Structures are given as C-alpha cells and as structure tokens.
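Chain naming follows the written order as A, B, C and D, and within any one chain the residues start at number 1.
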Amino acid sequence: MHYRDQVRAIFDKAPFITDLGLVLSDLGPGWCESVLTVAPKHLQQDGFVHAGVQATMADHTAGGAAGTLVGSNEMVLTAEFKINLLRPALGDRLRCRATVTLAPVEKGK
Amino acid sequence: MHYRDQVRAIFDKAPFITDLGLVLSDLGPGWCESVLTVAPKHLQQDGFVHAGVQATMADHTAGGAAGTLVGSNEMVLTAEFKINLLRPALGDRLRCRATVTLAPVEKGK
Amino acid sequence: MHYRDQVRAIFDKAPFITDLGLVLSDLGPGWCESVLTVAPKHLQQDGFVHAGVQATMADHTAGGAAGTLVGSNEMVLTAEFKINLLRPALGDRLRCRATVTLAPVEKGK
Amino acid sequence: MHYRDQVRAIFDKAPFITDLGLVLSDLGPGWCESVLTVAPKHLQQDGFVHAGVQATMADHTAGGAAGTLVGSNEMVLTAEFKINLLRPALGDRLRCRATVTLAPVEKGK
C-alpha cells in the first residue's frame, strides 16, 4: 500500500480523530498537515480551544508524518510527547504541520 | 466560592470535557481524580485509547488539582506538559489521579 | 558481571561524572542513588547550582537505575529527558534518587 | 548595560560554564550561539559526549538567547526543559544555537 493511503487510513479509521473532526489536509515524505474547524465542543471553560485538542492534533499529525516513512508492514506508536502552549488557540480553524526530525532509515516510497 | 465548586465548574463548564465524557470523581487540597468510561469514540485506529484522550485527562485533571489551591479570583493555565505512554490504554474505564508537586503559596480554602 | 558492578562501572568510568564529582551512593534492582558534594565549580552566575549539574545527576542516576535491570551484554542509552526545576538548588550536598517506572522485561540478577 | 554585555556576563561569570569550557561565540536579539571544544572530561563511559554536557549547553545557550531580550534589571531563569538526543555527539567541537520562540514583550536594546 502506498504511504499516502496508509496515512489517510490513520486519519479515516481512528474514531477519536473523526469524532474530533480532525482532517488530513496534505502530506509528503516526512511531513503531514491537518486542519480542524473549531466548534463549540472543542473549547474549555474559558472559551479557548482545549489543550487536549491541540495535543491530539499534534500527536496524531506527528504520527502521520512518521507514517510516511515506514513500510507497509510497520506501524507508528507514540511513546511520549511534550507540548508547549505558547498562545491561546483562537479562531475558526487550527492548522497543524508535523515534520520528521530524524528518521533512522528512510523507507518512504 | 469554595474550591470544590470552582474545580467542579472546570469539569462541568468545559465543552470538550463534557463531550469527551470525563467526570470528576474526587478531590481534595492539592489533588484531583477523574474517570472516563471508555467508548468506541475514544479509540484510535488500532483499538487502543487515543493518546490525545489520555493527554486530555492528564492535563485537565492536573488543572483540577491546581485549581484546589488557587483563590476564587485566580485561574489555572497549562503552559506545557509532557506525557509518557508507558502501556497501551485498555479496559472499560480509565482513572486519572493528579497531585500538585509544588504550590508556591498555598491558598486553598 | 553482577549488576552492581555494571552500574558502579558506569559511575567510575565516565570521565564527565568523575570530573563533576558525582558519586554512586546506593543501588538495588530498579533504583539508584547518587550524591554530589557541591563545590564552587558547580554554580551558575547567581550562586545556585547550575541546571546542567542537576540534569547530569538526574540523567546519569536514571541510567544507573535502568542499568540494574539490563543484562551484562546490554547497555542503557538516554533517548530524551525532561526536567522541572522546582526550587533553587542550595546546600552542601545534592542527593538524587532514580527509580525505574516501567521495565519491559525485568532481567536484574 | 547593553544586552551583549549582559549575556557575556552570563557566560563569563558562571563557574560551571567556564569550568566546562563552554564559550559564547555569537549573539543577536533573540538568539545566541555557543561552542565547546570537546575534551576527554566531557565524555561518558562509552566515549560519546555526556548527555549532561549537551543539556548544559542547550540550557545555558537558551538562557543566553532569552537574556538578549530582557531588561538590565531582569534575569532569566530556567523553569524546565526537554531534550531529545537524536544522534551520538561525536567530533572535536559542539556548536549550539538557541532561538527564542516566543517573547511576550520584546525589550532587547
């Protein structure tokens, strides 16, 4: 299976992601982008987008980026992540771009 | 307002939290516990609970724990967090317990 | 080689650790403790112990703790770490205790 | 005092930094670079540069970058950091470049 289809499947078949409304917007070898149309259900009590929404976007999109570099018989698993929330998330749409910093053996095809 | 009511409000009035189904189960000065009844919508493509669900639980419950120690005219804001996913999240219910490690000036009342 | 000797070697044979003055004080299966007698060379410009000293202690002692659970033909490698500096480091001696949270397959012997 | 002199002082007056041999090489508003000539004392037991050396470089140089944006009556304090060790550190010289991602109010002058 082509890596594009593999990564699309990660977005289309993950119930938490489809329920959240996170959509794969573009991808290439070693990178992936997603967008989220912000809805009331994404907010926390103060009207900003919940940190958990941003963490989910970051984690899943990073997984998509890594997924472009693994073979069709391999899978990507998040072992840990760190997130810094530099500004309140406001607006109608959030965009996330994830880039692979280090790929031990590049296998994207 | 009593700190218990303040923290309850953080759980009851955050749309992302009520939509997720995360429920405050117990709290005290400097700590907070929440539970989540796992539903299909919480899963990722491999059938495990999505890391974003766990990150949301951890972040929000930590915010609840911190919320027990701030004054009624103060609020808690997550600036950053790190999560290590040590085992796949399986089962019918997830439980999260957050404890404040350092409170510069304890003001819970 | 017994795991105690393996971990002792990690402390005795690492030039940066002996130069720093970090000493293994105790260890057991899944844990390790070290101590540092604070000297002027450990300080930063404000008179507190440098964060890099604390990070080195934490990293190396955690490696020692992990080293108690690996086989004699295996080695421990730090892939990443996060440190929170909760209070200024003051005093004559610093003590660090590291505990393994998750060991996939326990092999200490 | 000019911010360049302030940051130079952070490098020149921190005993752990001068003992380590970390040298400020260049700086500008919001960024700072340092270099370290690798010596035997920087190594760990396997011959690679110790993670604590790299963490110290990253922390101190990041502090230098932040120091270019604070007023002469302000100081920079590390509250936490995360480091990912992507490759073994080898070679004769290490170079570290730190850039400020977010400055709430830019005051460099």
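Assorted remarks:
In the analysis below, contacts are C-beta pairs under 8 Å (C-beta built on N, C-alpha and C of every residue); 3 or more make two chains touch, one makes a residue touch a chain.
Predicted, not measured: the structure shown is a model, and the values here were computed from it.
Each chain's centre was taken as the mean of its CA atoms, and the one lying most distant from chain A is C. Distance between chain A and chain C, defined via averaged C-alpha coordinates, is recorded as 35 Å. Inter-chain spacing, taken between the CA centroids of chain C and chain D, is 22 Å. Once the centre of each chain is set as its mean CA position, chain B and chain C turn out to be 31 Å apart. Residues of chain B in contact with at least two other chains: 80, 82, 84.
If you draw each protein chain as a dot and join the dots that touch, you get one closed loop, with every dot joined to exactly two others. Of all residues in chain D, only 82, 84, 86-87, 101-102 touch chain A in the complex they form.
Only residues 9-10, 13-17, 19-20, 40-46, 50-53, 55-57, 59-60, 75, 78-85 of chain B touch chain A when the two sit together in their complex.
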